[in-house]
Amino acid sequence: MISLAQIPIPLIKIVVGLLGILIFIGLNGLACVYLERKVAGHIQRRPGPFEVGPHGILQPIADAVKLVAKQMITPKGADPILYWSAPIISFAPAIVCFLPLPFGPSLQNISINIGLIMVLAFSSLNVLALCLGGWSSQNKWSLLGAARDIAQSVAYEIPLLLSMLPIVLLTGSLNLADITAYQGAWPWQWLVVKQPLAFIIFFVCIFAETNRAPFDLPEAESELTAGFHTEYAGMGFGLFFLAEYSYMVVGCALATILFLGGYQGPVAPGWWWFLIKVYGLLMVMIWVRWSFPRVRFDQLLNLTWKWFTPLILINILITALVVKLI
Amino acid sequence: MLDTTLDSLDLRGDFYTRNFQPHPSENRLILNMGPQHPSTHGVLRVILEIDGEYIVRAEPVLGYIHRMHERMAEVKRYEQYLPNLGRIDYLHALAWNWAYVGAVERLMGLEVPKRAEYIRVITCELNRISSHLLWWGAYLLDLGAFTPIMYAFADREIIMDILQRITGSRLTYCYYRFGGVSQDIDDKFIEQTKELCKYLRPRLKMYKDFVTDNIIFRKRVEGIGIIETEILRKYGATGPVLRGSGIAYDVRKTKPYSVYSEIEFDVPSYELEDAFGRYLVRMQEMEESLKIIEQCLEQLPAGDFILPKAPKRPKPPAGEVYFTVEGARGEIGVHLLSDGSAYPYRLKLRSPSFSNLSLFPEVVKGTLLADAVSILGSLDLVIPEIDR
Amino acid sequence: MTKEGLGHVLEVKPGFCALLATGKVGYKKQLFILPDDLLNVVKHLDECGYALENITALEIEEGFLLVYHFNQWNNGEKLALKVLLTDGVKEIDSISDVYPGALWHERECFDFFGIVFKNHSNLIPLLLDPKENIHPLLKAKNKRQPLAAIMPESEKIEQYIKIEELGK
Amino acid sequence: MSNYSKSQSIREGIWSLIVGLKITAKNFLKPTITVHYPRETVPTDKLEGYRGHIELVPKPKDPFTPKCIMCNLCATVCPSGCIKLVTVKEPIEEKSKSGTNTQEDKKTAKKKFKKKLVAFELNYNYCSLCGLCVQNCSVKSLRFSKDIYLAGYSKEEFEYDLLARLRAKAKVKSAKELPQKNSEG
């Protein structure tokens, strides 16, 4: 019999944190679905979900129930192990990505000094999941979607990483809490003022990394029907969906921490500032999705290799020089 | 990790895949785009042979909603065939109405009253705008923008409300009759139409700002799907597809029927030869249509809306007639042969989308899959019209 | 019986086309030609810059009548070629080498009437079910009309012209 | 392309994206235009001219009998063949000259039968709303109804007997009018 005192405190902390994160991911999924549909609706001058609950507030729950209750179909000729492991591989790392994020001054699960690298490493696993899902489902559209996803993710990982480097150079730390602390409460103290180009490139890269329109090529429905998740039904699709929204939040949270001062705000600093900033960025992502057409694949790659990568390299160079000189 | 038992399943394809000649080589993929694909608009199926994402060869497969309209014409009396016309091209139903009614009128030598002609022009042009609006929205949907179709539908709804008051239907119109139209227009219609013209102009400007100038959209359509004049001629393409390549052939202008010769309007054409040229032609045509409508409303004469002596159940004399009108998708032709009885002897419907689609395999060679979607959309296909 | 109704149409000589009166039909010109001359005439029209608009067929008492509609963009003048297949012949040259747009029109005629187009690259059903071999536009024997009954204009041949002189 | 025009095209491109966002934002703030169907319906002035299924027009003086003269023109002109008139022949009671109603009298009176409309069947499933029957009716006994919110669970629900419908309507109408008349009286 192990007494409670024998359990190491960090373990308890992690378990509690994980539970909290799972709850947060679930709630975030519901909120994002509702937000996305409402914003899309109003942009198109229709009310969006309206029937389930007042102003359709319960619609995401109804959707979730539907997804859970649906039969999980494995297509004929698909590899069942790979096929069903793909959504899990997609979803599980998303939880880990939340661990080092400082939500508030004291709301950080594990404070490690390589927090930034940890988030990036785990969020990159999503590529593997989409590739497996697309390839194993024995569907030509899925295969094309998977192929597109690999090329896109690999290409955009580079400017994404590089656009964080100036911040690391400035702050001298990979710990997300330190980076937050480096910035002040007021907007002119945030790093976005010092690094506007890096912020724009980082934010655009998040669009590509999370497969959001106008860079939603792996699931471009007017070209590839539904891309890599064409064959997924029920919770298989649901997990991909949840993972997509989780990664969106992770991306927006990173942007907030790196460029927008994290949980710090002009008045009453706290976790609410963090959430406001994250969901503000999320709104922008949704807004952009419902405004623009989709880019073509070669244009997408041109954008990263010909524009973003050279620009951000120049940016790093200048930042390094400035940091060295001052 | 393919399952070897797959060979025992019938995966060799259906009749059309097997007849996709010549057979593709081992390292290429055959992809069936459709009949249930979001960007084939209905039930078109295109067999694609792709190398990576590049299209090596394409072959459309038709007939998924074939209804044998031409046979139906032979077993129905002339007037009984009228409702069929609204269902061939459901987006520009009145042009088909007109083509058929016009053919029968020419065969019988009926003189349509001036007022009826003007009413026909007004309603037909309204219908053309609504058709182009829907195309605009659907094309942007193909390119991945979801919002334009909703704006287009909001405007289209107004046109449908106006036409509904007069024709009684919202989509599959059956309005024209031999010798005129089935119902006269009133002051309220005229007033509503004038308001619509005023309302639509700023909207079209908004569409231009929102989509036409958009850099992502421009990159998706400029230089995509270049169709040379020689191909257009050999395949018999008409309509905006032709005018997007710089040939200003429009039946309304080149060989005016009805009162089009009395109305001033331009035939927009762009020598871009690409999807953007075809896009611009349609956007410009909406404005021209507004111009035509406004002029017609001003010039609208008093008189009968239908020839009083027009036979309701006609028996045209024996003979042949070929009547063409300009639809939203191109030249609509009705080739009618009568043996003097109450039933047409043979009725051939020349649909513009049919010819426009037939050049698709030629154009799409060597393009990317995303471009194929863009080209297919720029042809503005209505599948029921192709299948008939 | 079969050949009486044809009037002068069968007197067309090889290498010539018979120019018919157009009346109110809606063409600028309509020509009767022999099936063997079809390819030559079409090649000549191609050189003159005509666009292929339509190919249609119909069944009459004498056999099949194929009508090819051509069009000119600059003035919208239409030209109709009429080819009569008599004596139970159901074969004609495909014009798809000259006008590739004819591929689909010819497949449609094959669907509806069972007319076989020689040298067509892929003569499979276009609109109808490939498994069933039915030709819906064929008429019952008592419903077929002679050519003169449905095309009174075909009786009046205005002149015979050489194929080479067509475009002028 | 020179560097200047290239930079200008880039600037224009980015500006076009901002314009797009502006337009969607503007529309986001505008009110919605959806009609929330079960709670709201399309206003009647927008339904003017809309064609529902056909209905019979009663005689001006007798709301229970239609103007129809049973000429069958609507049934023959209908492209879809969805109209069917059920008629019976009813003998016209005519007093024979002799005053007695013998067997022979009935035979001679054979020509004096009167057609009576028993049912006017409309199979709305096949109707294409072309309006040819309304247009061709020689006594204007047909018109379009305003029943547009139709829904049903089976095909059979859309097979109407227009005569019964007319009578039911007239009954409701007269029941409504009757108390009014009584109160007036």
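For reference, chains read A, B, C and D in written order, and residue numbers begin at 1 within each chain.
Here, a residue touches a chain if its C-beta (ideal position, glycine included) is under 8 Å from a C-beta of that chain, and two chains touch if they have at least 3 such contacts.
Because the structure is a prediction, the values reported are computed rather than measured.
Comparing each chain's Cα centroid with the centroid of every protein Cα atom identifies chain B as the most central. Remark: subunit C and subunit D have CA centroids separated by 46 Å (rounded to whole angstrom).
Remark: subunit A and subunit D have CA centroids separated by 55 Å (rounded to whole angstrom).
One simple way to say how far apart two chains are is to compare their mean CA positions; for subunit A and subunit C this gives 64 Å.
The residues of subunit A that reach two or more other chains are 43-46, 290-292, listed in rising order. Each of residues 17, 20, 23-24, 27, 33 in subunit D touches at least two other chains. Contact topology of the protein chains: irregular, matching none of line, ring, star or complete. Of all possible chain pairs, those that touch are A-B, A-D, B-C, B-D. Of all the residues in subunit D, the ones that touch subunit A in their complex are 17, 20-21, 23-25, 27-28, 30-34, 36.
Of all residues in subunit A, only 39, 41-47, 50, 287-288, 290-292 touch subunit D in the complex they form.
Across the interface of their complex, subunit B is touched by residues 12-14, 16-17, 19-20, 23-24, 27, 33, 46, 48-51, 77-80, 128-132, 135-136, 144 of subunit D.
Chain contact summary for the complex, subunit B toward subunit D: residues 76, 79-84, 87, 147, 151, 154, 161, 164-169, 172, 174, 177, 182, 206, 209-211, 213-216, 218, 312-313. In the complex of the two chains, the subunit A residues touching subunit B come out as 40, 43-46, 76-77, 79, 82, 136, 138, 140-141, 144, 148, 213-214, 216, 220-225, 290-299.
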